[in-house]
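Heads up: the structure comes next, in structure tokens.
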Amino acid sequence: MVNFRTDLALERRDLYKKANNIAEEVEGLATEQETAGEDINITRVKVLNEAGEQAIGKKKGNYITIDIKNLKIATEPEIQKASEAVTKELKTLINNLVGPQDPVLVVGLGNLYVTPDALGPKVIQDIDITRHILEYMPDVLDKETTRSVCAVSPGVLGTTGIETLEILKGIVDNIHPKLVIIIDALASRSIERISSTVQLADTGIIPGAGVGNQRKELTIETLGIPVIAIGVPTVVEAATIAADSLDLFIKKIQDEAHSNDFLNQLQEEDKYEMIKEVLQPADYNFIVTPKEIDELIENMSSVVARGINFATQQ
Amino acid sequence: MVNFRTDLALERRDLYKKANNIAEEVEGLATEQETAGEDINITRVKVLNEAGEQAIGKKKGNYITIDIKNLKIATEPEIQKASEAVTKELKTLINNLVGPQDPVLVVGLGNLYVTPDALGPKVIQDIDITRHILEYMPDVLDKETTRSVCAVSPGVLGTTGIETLEILKGIVDNIHPKLVIIIDALASRSIERISSTVQLADTGIIPGAGVGNQRKELTIETLGIPVIAIGVPTVVEAATIAADSLDLFIKKIQDEAHSNDFLNQLQEEDKYEMIKEVLQPADYNFIVTPKEIDELIENMSSVVARGINFATQQ
Amino acid sequence: MVNFRTDLALERRDLYKKANNIAEEVEGLATEQETAGEDINITRVKVLNEAGEQAIGKKKGNYITIDIKNLKIATEPEIQKASEAVTKELKTLINNLVGPQDPVLVVGLGNLYVTPDALGPKVIQDIDITRHILEYMPDVLDKETTRSVCAVSPGVLGTTGIETLEILKGIVDNIHPKLVIIIDALASRSIERISSTVQLADTGIIPGAGVGNQRKELTIETLGIPVIAIGVPTVVEAATIAADSLDLFIKKIQDEAHSNDFLNQLQEEDKYEMIKEVLQPADYNFIVTPKEIDELIENMSSVVARGINFATQQ
Amino acid sequence: MVNFRTDLALERRDLYKKANNIAEEVEGLATEQETAGEDINITRVKVLNEAGEQAIGKKKGNYITIDIKNLKIATEPEIQKASEAVTKELKTLINNLVGPQDPVLVVGLGNLYVTPDALGPKVIQDIDITRHILEYMPDVLDKETTRSVCAVSPGVLGTTGIETLEILKGIVDNIHPKLVIIIDALASRSIERISSTVQLADTGIIPGAGVGNQRKELTIETLGIPVIAIGVPTVVEAATIAADSLDLFIKKIQDEAHSNDFLNQLQEEDKYEMIKEVLQPADYNFIVTPKEIDELIENMSSVVARGINFATQQ
């Protein structure tokens, strides 16, 4: 299997196609594209069956990628427009899974004190919570039209000592939501996608680089209710940057007719593993994030929180 | 019953004695005092029976108040010394409740984004977590001497929509600690005690000003395991300040043998200077700000910045 | 002179009128009121001459108070509307002092790390700066319509060791703006005005509780160019709260025709409930915390965390 | 001239030696090395004359690099030890330039709100300020042994609209210090050096990636008094990572006998420019920082602030 180094189904599909020289659609996948105005591209990758699962290493289900251009310098109306794209896609996923009044638990994964990992907890701050109002002040809200929404930031294993699944399982069993929406930071191949892309998936997630423990996934299998994952790329591995640059670099050399057999070979091989091996001894393969990450994460938090708020209410 | 306006057992005892003109110990209580160096006073109030419970409205058990002088300008060694006093008292409470290897869950109540309520979550950041290391890297730590410690900040009802008890009950039932230690912000009568006093109690707590719902207490009765509460005063009500000031003020007037006529005239005069004079020796006239200041300042920043932006351009 | 305990010209005028039993306007002042929608009140106090200066202890000039109701729970459009009121008043002041293309220096006084003092530096973050763009990328902006705006947060004496005037004087002499706009935190009499009121003044300011050094004022006299001050109340003194409460309290007692004997008894009774009852209708009983809370909480976090760390291990 | 992509004199010297196949010392430089315990390496590069200046593009003067291993997981005593190394080197530089009582202005360059650029402002918060105490409370400190120290964070051009030099020139001319110590974030070639290395220089600095404007340097020539620069690497360019990885990668391929003429050529050429050119159209050459930067910057701030505090006082 290809070592994808990305959590985005869309990037995995593209890598698989390139690695296997596939011109059309990958077997077991169905993809459609759409634009929402000038700055927003939406790609829907559907994993149809086991063939699709094996090709890109993602569970059967829907993966929607929303790419937002120039989010870093976005104005208030542009942020609002991006959040509307999230609302629309998220609403469709929610309505396929639960009824309009079914209670939802929103979960912000990550560590507030590590900038590229802070998106989940930041989004949680801006979620419109209704569960306690419906319970303690039922006259304030319209029970017919208001969905019960609650939210938690469970922290990360390194600072709590508790697996996220252990915390969420306990809460879900106690308060009985019908759907979990999880926000998490992802790894991507592309620096351009850092905090500028949202992936929605109706298949749940496996958190963190983690302990490689398959039982700790956050899915309908482990939590007992459907799980929608909202992922935002915030990190790219140093080795990925190097390998991707090398690709571009070799291409340019070839274009300039420096071509030789060895270079042609290089492009076919998996340079990433070789580069990673080279960097490893020096503990050089830091996960890297762009300098502008603080600003980008603020804007993306607004986009995602608004998207959830409008999607969960009528 | 006296309306105490304080969560500190020690202050409640003093108010009860004053209100009932009791010179010696209150029936049902046992109190002892100790100093730990120049700047640290320790008072242990034991509520012995129902008589004590009714007198001060606190459950049967141990309440230890550690008052630390000049913490605001404390140096590193003074902070270390104060923490040692907390260690000593807390260790005694823990050893009375569980064995040396029994796992502990530490809980930081409160809201990180509201300064006077942020103490609990801030403490959690600095807790040394061992549970995950004992589980996933057991060779790193000495299993014979290392207690399993994990920690969570469950957030507050207003931002999660979930009662703290609902969250903690779920986690406790899933990960089976033998003891919970909860950190919370308290109300006090005394501005001098703001973030300068620690109260340890082996009786658990009732969080928040809350919904007045007795079932939501965090105690051995609701969680099924012993609960130690570590409370730190961070707020004093404005009316408490006013009432306490009035006490001091009237006492001063009476001491100076002013007639009742003088009291009648009070409204015409400038009482502020007199009150200030009264408060001065006790360094009582702190500048105070409302608890909501963080939130208000965010909104006001937008108002003023936009005002300037639009005013300076055409 | 009355000890006003407030930086707001409007509150000073009201206090002066009350202290001197003046029904109409104070000599030397001219006042006008206006509302801008439901939630915004604007009061313009003009100090006309030396009589006015002596009455309220404020320099000759214009003092505009904009009171915004419910800012704490304001929505985006309400924040926008409030900012428009500030824009309108500020624009008038600016146009009276300088031309439409004259460069402006915006100064945010205060300490970012002390919550009630952070407003100035926070505002600066959101100012649209044009000076460097006009200088280095002149083609990007329309020189005919864009005013040169730059901004600094000079910090406070306690953390820089330098008087604000020394820093600003140096900058003004080097970059030659024609107007300074200074944002600062103020003291008010009214808890309701905390971060809900803006005072604009075309007379400059005297920063901080300070060293009582008249030469350190920030005015046209010291800086050589006009100074507009934008002040926002963020603090109320505890003694002010107590004194104001006492006023209300005694008035209520007299209204209810209690005898002086009753006042003598006061010390024995529980005044808190009575005061609370008095304060309730005005929503006056905010929970208050001392200004130093941020610093204190840092130290206390260390104390408690270390206490737990050492107590849970052997 | 070699395009160094690093602000560290030490790295520039190494690159120059490699590019020119120099085995011994570069002409015009003198270098000495020292270790301070297990985890601290000190390298002193002296630029002796114009030949040295031209070789590495750095002014005549002293450049001291202090490399600290494992700062990310440093304990309190290790941070203290690292700060002592900074103190010792800094004290020597200071004593060569000014007398023991001469007043010092400490300047923290950078933007507090962009994590990798926040080091300067963070250090300023921890500097022990004495100037205002010596002026307003002279009895508190011993005038014979206390140096006057003051500090400012002037902000960055993008948020102030004012060149750093314009702000500092104004302040220096007003308060007349005899020495400026400037803290700044640097670019390095090595991810391992991110927030783990301090460079001290007695030659001043040229701030920012900047506008390429030589007059805006902060040196004795522009400020009129000596300038010591304390630089900490916090960023590495994406193209640098890619180019350096490519070097390692090609070396590994050659070691594994894939060798061919073209690869041999590659190592000699400047791959950086080619890679940069490749990345440019996609705006791909983000400056990158490791994910752990928050923690590293906290520790490094402590090291530098303590270093300055002990070095400026006796």
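Order of writing sets the chain letters: A, B, C and D. Residues in each chain are counted from 1.
Just so it is clear, a residue touches a chain if its C-beta (ideal position, glycine included) is under 8 Å from a C-beta of that chain, and two chains touch if they have at least 3 such contacts.
Small disclaimer: the values here were computed from a predicted structure and weren't measured.
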Distance from the mean Cα position of subunit C to that of subunit A, given in whole angstrom: 44
Report, in whole Å, the distance between the mean C-alpha point of subunit A and the mean C-alpha point of subunit B. 40
Could you grab the centroid distance between subunit A and subunit D? Build each centroid from C-alpha atoms only and quote it in angstrom. 37
Where the centres are mean C-alpha positions, what is the separation of subunit B from subunit C, in Å? 31
Using the touch rule from the top of the page, what residues of subunit D touch 2 or more other chains? 113
So what shape is it, when you link every pair of chains that touch: line, ring, star, complete or other? ring
Pairwise chain contacts under the document criterion: A-B, A-D, B-C, C-D
Complex contact set, residues of subunit B against subunit A: 112-113, 124-125, 129-133, 136, 148-155, 157-163, 166-167, 169-175, 211
Of all residues in subunit B, which touch subunit C in the complex? 2-3, 5, 19, 68, 71-72, 74, 79-80, 82-88, 90-91, 94, 100, 104, 106, 115-116, 118-119, 122-123, 125-128, 145-147, 149, 181, 183, 187, 191, 194-196, 198, 230, 232, 234-243, 245-247, 249-251, 254, 260-261, 263-264, 266-267, 270-273, 275-276, 279, 284-314
Hey, which residues of subunit D end up touching subunit A in the complex? 113-117, 191-192, 194, 235, 238-239, 241-243, 245-246, 248-249, 252-253, 258, 260, 262-263, 271, 274-275, 277-279, 282-284, 286-295
